[in-house]
């Protein structure tokens, strides 16, 4: 007996270690002094501070709570009524068919529930011709829908347990049916209602999948925000938030557990009454706050600007930087007051996406209502051709003059009328870990001879990261093979696909912004990525280096530009112009350029002394002087890219700043590069081919061992054999007595 | 008893969380005996049974089975089977499989299993019920299945833990007879736990009355009824009037202010004793002829007799009589010497104020509160 | 009259439960122009997609079996504890579920990476020479992610059924000669069969349809049905193919559940070996 308890205890302890290991990690790293989520560098509370200054996260938290409260309340009301109705139903067929339909959202996989509702909204929205049909309303409907079965299933048993003569007794004593429901039946089923409410609230709070497919613009819940973060890098302030949530729930549960056992018995009736009142008031207060929030947000004059941008693509006020969106709010509120003498409340609703395709999917699926989007070149072409963008009124954007001449007529927007204002541009380069790279290859990079082929090098099997989006991934192969990325034939696509299939066994994983963690943490050796992000990573790990892939001495890689646009469905067009204008101002543009490290097309930035100092323009001369090397002469029209020392490594000073200089190769070719290597929007046919080839590549699984199938099959066969064995034994046993009478 | 001892409990004690459940018990069970452990709930009777079955390990003392100490032998290795209070039939098995359960554990051929199960079914009158779902059987039928299941392995001892508690009165009477018959037929030792004294008296060869973790008395039903050893036994078994008295001399007891002749001796002079008089042994006589007199406070018709409550010297006597008397009527009572039973005083003396009878209902109420804990 | 209280729910269910499913079917059997076609369903039977389905089935199956094997003893030992301890243990099992599953999965990455915490600890114990244990981006990591995320859904129903088994039944079995192990196989296991089925459903269904775990812990190398469906809606914009896949996924789940219910539903006479 004793031995078994010890074994059981050990087993349970192990199980809990398993369950709590990731949570321990999360709590530990919420106290990390650096922003790494894999290397603990020192204890600090700074992420907790960051959390409370992170408006977007707090906003998302507020949204999540609002959604959870509203949806659980609605579901509880409808669900309780439904349970009452179902309970009273006499027709068994009707009852059971309603119950089966009710249970569908519980049994169906979340993803199917999500997409089925999305299809409904898209279809109905399409028929109604409505511009924005995905939004708070749709996600609320979705949440109520999946909450309903849980409420009904927790209330219904209470009705069944209830003494049938209770309502009869009440009516016998003079209650109307309605009165008897509220006075007698409701109190009897209240525990079920409350537990249904709590369950619905919890489910709604935690839901990601269904929200993901039904959520619209300008409304971001916490899980959605975390999702877009995990595509890039989860900042430890998310860990801090999770830690706070975890601890508060733990405390709540412990309190309720401790009080329920001992003191509830001892608690006097008065105390019980008080608890009831407290709980009741708490719910009431939450409800009232919700109502007030709704009224306030509807009542005062608020201008909301929905900005949809890439993740970590704006200076957000973290670590002492300027919070550009808040600055804009203040700027415009003051401007409006000066011009009209009235107060206005401006609120920038900032949400993020991880790829052009995500953005396009959102716009296409009907999540319009965005006022500002910042897509890349080829996506702009496509959006323009589909009339999803509107032209800019340059009169309203005086700062447009800040954009350097050469960037005012990009290939995607070279007409008389302007649809875009360039935000940043950059190239795709290859980032590597110098500690893990073979010396020969390092030498090749230094000599400026390295190209794309390193990404196909057998030596780095399992150490290579590849883009997790079709355009960029195929791009790498096509640049490597010398195929024109914009005029590829079916044959070319096939060749590129073959090449990528060849690479697949070498690839550690297909990533987008997860690359930050993987490269900085030393998980991978080589990856192609956007230059600005590469600089960012190098800043966090000195072992990393960066080069432009060359072919026959010439840089052959993608160059891209991201530009601010106003979708044709925008609701605040004037404010959107103001926003673009503000973003082009020196203050905002410098802050952004310093924060995101991408090259800026903005004169005001390049000429800004602070920017030049921060980007190390002057220190280059000083540092290189010590080495006795000549310093390149810098012009106003410089393109800034990282400086490499004689070892081919980035020069970084003690503060972690790195030096960027003018690159003659790039500068000379900038125009050409845009013309040759920038992605153009593909014809529908090519796009279909690309998507299809990408699908084939993704689902192709050379790297996947067959062993697991065999293992699976063995278990399955064993289970079936066991079942058959049981069946046979049962038959054998029954043979003797099964035909006896009765 | 000439049969040899099959189970001996030697100085067995058990306590839970400092609460003494069994207080150093000694008990011998003989072969082919129908022994009943009788007592109110919480007296330790069920614990005693569970110690024999092997579900509970005693803190001290030995359990001896056929001369071998079996303290450390787990339940599943003991040649003892149990019929549980609420039958504990396996809900996932049908009647046949429930009964065959024990046989299936060993490699026994299907034919033999079939024969033995059928034999058992015949014994408990359940032939033809083989493939019934046990959950759909009536209480009595479930009871029979439980008995058959416990007996199929031909245990040396069958333990029955209040097996009839959940049945209604009529069914209980039938089952009592049936159990007695089965015991006689099979010759298996039965140890039967109950709090129903009537059941105990009508079925058992030996009754063990327990209270507060101690054995109060062991004896045949008639001994227990007629010669209770102390006030507790007297009170628990049947209805009784227990009165404080003094033993003036051998065969001479004084109580209620009157000196009575009795058949008991061997007490010290003037020793304080408990006197038991069974209600049916009291005769109602006119006041002037009575040894004692009192006023009738209530009369209840009980079918066979009247139950008369008489206040005598502020002690309410219960009298069962076929003669009707009026309430508030003054009557006298007459007691034959052989109706007076003298007991030594014990810790239970004085606990039973007026006439007393152990209440089944109260016992069941306390059962419920115990289960809730 | 009182039955009318169910009306709002019925309307809601028709609009937002049945209608969306009809749309899934509609999209599954139409092409981009809205005309009827079988080509979407046909496309799924290409070798590559078949493999995705097979892989998802296989991973979900293994995750479910592992969950069952891990969860059963936990539930069993938990049910043996004192009622008070049990309450706390249940709370502790459910507590991690309160944290967002994305972030929990994400922190597994930090644990499993080659330079991650587990490897650092191993190196600390065994010295620097040993090569890191390669865990992330393997099929094992994906299955681990599934097991981790859905284990509580297996433990809770199992625990509730095991703790409800009358202890007298266990004693009865022991009394009739069952060793502790046999008590488990002959009584506890058959009696918890119905809830094993519900636990299995609660692990299998989300496992087979998950789309996040494999992307994070499998490094995009193990495409599962969920990932493929998500891609149709979020990057490839092929709603029709996506709907067709969802339709097939639903069918798979319905069929597996029907099989399981059939298997567990046969309890007349009982399966005891």
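In this document, chain identifiers A, B and C correspond to the written order of the chains, with residue numbering beginning at 1 in each.
Just so we're on the same page, a contact is a pair of C-beta atoms (placed from the backbone, for glycine too) under 8 Å apart; a residue touches a chain by one contact, two chains touch by 3 or more.
Everything quoted here is computed from the prediction, not taken from an experiment.
Distances between chain centres, each the mean of the C-alpha atoms, put B farthest from subunit C. The most centrally placed chain, judged by C-alpha centroids, is C.
Inter-chain contacts peak for the pair A-C.
In terms of their C-alpha centroids, the spacing between subunit A and subunit C amounts to 24 Å.
Work out the mean CA point of subunit B and of subunit C, and you get 55 Å between them. Averaged C-alpha coordinates put the centre of subunit A at 73 Å from the centre of subunit B.
Each of residues 733-734 in subunit A touches at least two other chains.
Within subunit C, residues 180, 269-270 each touch two or more of the remaining chains. Residue positions of subunit B touching 2 or more other chains, listed in rising order: 97, 131.
Those residues of subunit B whose C-beta lies close enough to touch subunit A in the complex are 96-97, 100, 110-111, 114, 117-118, 127-132. Against subunit B, the residues of subunit A that register as touching in their complex are 732-738, 740-742.
Contact residues on subunit C toward subunit B in their complex (touch as defined above): 166, 168-169, 171-180, 182, 186-187, 190-191, 193, 267-270, 272. Considering their complex, residues 53-55, 74-77, 80-82, 84-86, 88-94, 97, 101-102, 104-106, 131, 133, 149-150, 153 of subunit B touch subunit C. Those residues of subunit C that touch subunit A in the shared complex are 1-10, 12-13, 16-21, 23-24, 26-27, 48-49, 51-52, 54-55, 58-59, 61-62, 65, 70, 73-74, 76-78, 80, 84, 87-89, 91-93, 95-111, 113-117, 134, 136-137, 139, 148, 151-152, 180, 201, 205-206, 208-209, 211-212, 216, 218-223, 226-231, 233-239, 242-243, 246, 249-250, 253, 257, 263, 269-271, 273.
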